[in-house]
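Let me give you the structure first, and then I'll get to my questions.
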Amino acid sequence: MVRETVARYRIDAQLDYEFAEPADVLLAMEVIDGGDQLLVEDLLTVDGSGPLAPVLGEESLGRRTWLQASGSFRAHYHALVDVTRMPPDLETLGVTPHSQLPALVVSYLFPSRYCESDRFEQFVAREFGDVQGGAKARAMADWIYDHVDYVSGSSDGTTTAGDSFIKRQGVCRDFAHMLITFARAAGIPARMVSAYAWRLDPPDFHAVVELWLEGAWHLVDPTRLAPIEGLVRIAVGRDATDISFMTIFGAAEMTAQSVMIEQVDA
Amino acid sequence: MVRETVARYRIDAQLDYEFAEPADVLLAMEVIDGGDQLLVEDLLTVDGSGPLAPVLGEESLGRRTWLQASGSFRAHYHALVDVTRMPPDLETLGVTPHSQLPALVVSYLFPSRYCESDRFEQFVAREFGDVQGGAKARAMADWIYDHVDYVSGSSDGTTTAGDSFIKRQGVCRDFAHMLITFARAAGIPARMVSAYAWRLDPPDFHAVVELWLEGAWHLVDPTRLAPIEGLVRIAVGRDATDISFMTIFGAAEMTAQSVMIEQVDA
Amino acid sequence: MVRETVARYRIDAQLDYEFAEPADVLLAMEVIDGGDQLLVEDLLTVDGSGPLAPVLGEESLGRRTWLQASGSFRAHYHALVDVTRMPPDLETLGVTPHSQLPALVVSYLFPSRYCESDRFEQFVAREFGDVQGGAKARAMADWIYDHVDYVSGSSDGTTTAGDSFIKRQGVCRDFAHMLITFARAAGIPARMVSAYAWRLDPPDFHAVVELWLEGAWHLVDPTRLAPIEGLVRIAVGRDATDISFMTIFGAAEMTAQSVMIEQVDA
Amino acid sequence: MVRETVARYRIDAQLDYEFAEPADVLLAMEVIDGGDQLLVEDLLTVDGSGPLAPVLGEESLGRRTWLQASGSFRAHYHALVDVTRMPPDLETLGVTPHSQLPALVVSYLFPSRYCESDRFEQFVAREFGDVQGGAKARAMADWIYDHVDYVSGSSDGTTTAGDSFIKRQGVCRDFAHMLITFARAAGIPARMVSAYAWRLDPPDFHAVVELWLEGAWHLVDPTRLAPIEGLVRIAVGRDATDISFMTIFGAAEMTAQSVMIEQVDA
């Protein structure tokens, strides 16, 4: 049997940008507080910005902050968080009947900007039609791992799951998009999660998947690059467009980025 | 000055499908009750289905119902609804600063399956950069009306705003996708609305746009095919994928469809 | 050992269109005369057209005719042709070194409108990298046959090989595009051929592939719907855009089409 | 009246690549000899390659050479060439009737990998339908210049004319693809030409367009970055895929590139 782990993580992340002109920015680098991850302490500090305006009302999907950046911009985030999570045993989980899906889950059945699940129904039926329930989700994640190479720099901000399916290369973003796409094409709600990922090498923001099975969201990482129990979730959404750590309404140049997460004694 | 109108509409819509095999269906043909449209009475009746399971919890985005259809399927919807709405004077409305956007509005800033707004930022800046506030939204709607032909059958379920922008042809779905795309590319939240549309000829389900200006959603119909005050909203979402009146998880053949809306004495 | 067959085929094909306005048409329904197929007799007759202007100078790629159609247009083509062809044993054929490719073959290495071979290099290396020479081409054709369903009406004039690769459905045009795409992505010249196809059921124009192996073009039909020895080639090109039997520079409606090919005594 | 110019150009171009593994390369950096550009002398020298195998038989479309590169690869090309060319006065040229197009020109009417002209017929009819003959071609080139920004690095090897039409940014390759696409969509044969371009700043390989008007090919540069009389044509093809100066069947890294062209005394 898989044991639930409890671990404390320390996170320090810093983003540096240069803004030639002031621009609105939606920042999503603070972690979700609740459920299987509980905040002990955290602090977001920003230089080169006007006042911070937290987006209120949907904290379960991530804590996001509006700000107006200009000139030399730096955001620093520090957190201590306790994660209590058992890696899901997908094979044992059943698919939730559609009629029992909560309203907030239904929208994750549909295609989105980078996940054209409507185009993959036939492929998914052919390739995974014989496997049922959570085992189908596991088979999908395995298929992606077996058929796609993780290659840094092989995609960009316009790359969709269909593009990656053809190219057979991608990064975490693309692996997640493919699994989300396959799952939705099979009628399984799926969404994308940005996370700090313990033991991810090289350290960076990570993107993984949550699948709705047996009445709850379950984390899956089709890249297999980081342990599930070491993920600290930041933001949740339909695909990469919803969960970017830094959405810039204008132009800016990244000058430096560092992401650190380590296990510490509780 | 434009006057607020009050009018009562009678709606009768019927969908007939043949299902060779049983399939889950998400039905969205009931109208929203609240705000500028108040239900007097309505009734949804379905033949060829197991029990109806309303999706609870997000009625402001539409009333949706799960069912399992098989064989000869018929859904009939009847409603009486009072609409009290003033057509918006877009030019007079200001763009809401990003930092004041409610959480539920923020997601309508981002690209979606059929609205690749991330690809249109340069076009929108070039074409509409000199116009500000609601006048920019009006200019966008006018541009679409002037540059795109309404041609029945010119698009299908995979057509995106980018496809329509190139082809310069589309139906209401495509006109809406283009306006949503332009608005989001300019930082204005935009979403899609399915509606019963009084005086639409030939009668059919209609698709229009809501733009978030000056702190509220405002209806716009870039096709100009139906008066704003005669729209009865059914469902709201990011684009066509969220608001389909009949999402079928399987295969079926439409055998007949009728949509009727008429003004009646209150 | 496979024996060379000799057979005589009688072809009768007829196209009927209605032109609301006069339009230029490039007609390609006459068969190639030479090599493994020798004309005994043929006759093209056209009603509803100005004078016919054969395109001179590239008969090895097909015999094409310009005309200006108007009103009720009918083209009828009759031919008697002797075909002497041995189905190729692909596995025994070597890949021609690039440096030995004739000038006219080199262009068939590159991507084209419907064959985005540049996007498939990684897939082809992963999936067929262990097979060499003609056996690689055979493995590609088999893969397509095994992974894609032939479904009438499942594609249209904008469908590319990439679209079909995702959708896993297509018609002869799409099967051909996929094989051409895979071959080019592996450095094997590949082109598309329109043909009258004996025993194709239902009768229609057919589309197949020619691969350049061991210094010559070899016919392959990834749909397996018609015997190679019963193909009578019409036109040759990079993909569907080059070999359409009827390219219309304007608008017209097809009102009827019949294609007949039968074996007759020599 | 515009005068025919006569000028001598000296060209020196050098390409440096690193090949981790040996790969076939198709090199196209030698200039076309004939018509309005006559070679005085030229020399191609290559290090890090096996024997050079010129592709024989289609020199009017460019002189191309197969080689197998490995390790540190360097190609150097030197030429002296006399160019005698009058910039075309497009407005005075008539469109050639389709029925008079030579066989080798017909194929340039059709869409290609990066020029999806089949998708632009409606746009072209709407935007340029009122202008006839060469004036239509001029209007198309002007439209592109007015509506698209030249931005280095704004496209990559998968960018099509449709992508650029949406993005409103591109480099010479994309400007050429758009003009080719518009022209073909209007029934005017159009092809792409790589060239050494006198006064192009910064110096680089250039890509321009040839349109078939009044029975001959005429050079057009929609970027307006270099004078027509200073272009020395290298290779001709349907779009960028046919005319790349270096087509690599494998992987390599460019380490340096220099392109120099200057006017010298005859």
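Annotations
Note that the chains are named A, B, C and D in the order they appear, and that numbering of residues resets to 1 at the start of each chain.
FYI, a contact is a pair of C-beta atoms (placed from the backbone, for glycine too) under 8 Å apart; a residue touches a chain by one contact, two chains touch by 3 or more.
Since we're looking at a predicted model, the values are computed, not measured.
Common neighbours of chain B and chain D (chains touching each): not present. Distance from the chain B centre to the chain C centre is 44 Å, each centre being the mean of its Cα atoms. Measuring from the averaged C-alpha position of chain C to that of chain D gives a distance of 29 Å. Shown for chain C are the residues that touch two or more other chains, namely 119. Per the contact rule defined earlier, chains pair up in contact as A-B, A-C, B-D, C-D.
The residues of chain D lying in touch with chain B in their complex are 119-120, 122-123, 126, 147, 149, 162-163, 165-169.
Chain contact summary for the complex, chain C toward chain D: residues 24, 26, 53, 55-58, 64, 66-68, 98-104, 106-107, 110-113, 115-116, 118-119, 157-158, 187, 237-238, 241-242, 247, 249.
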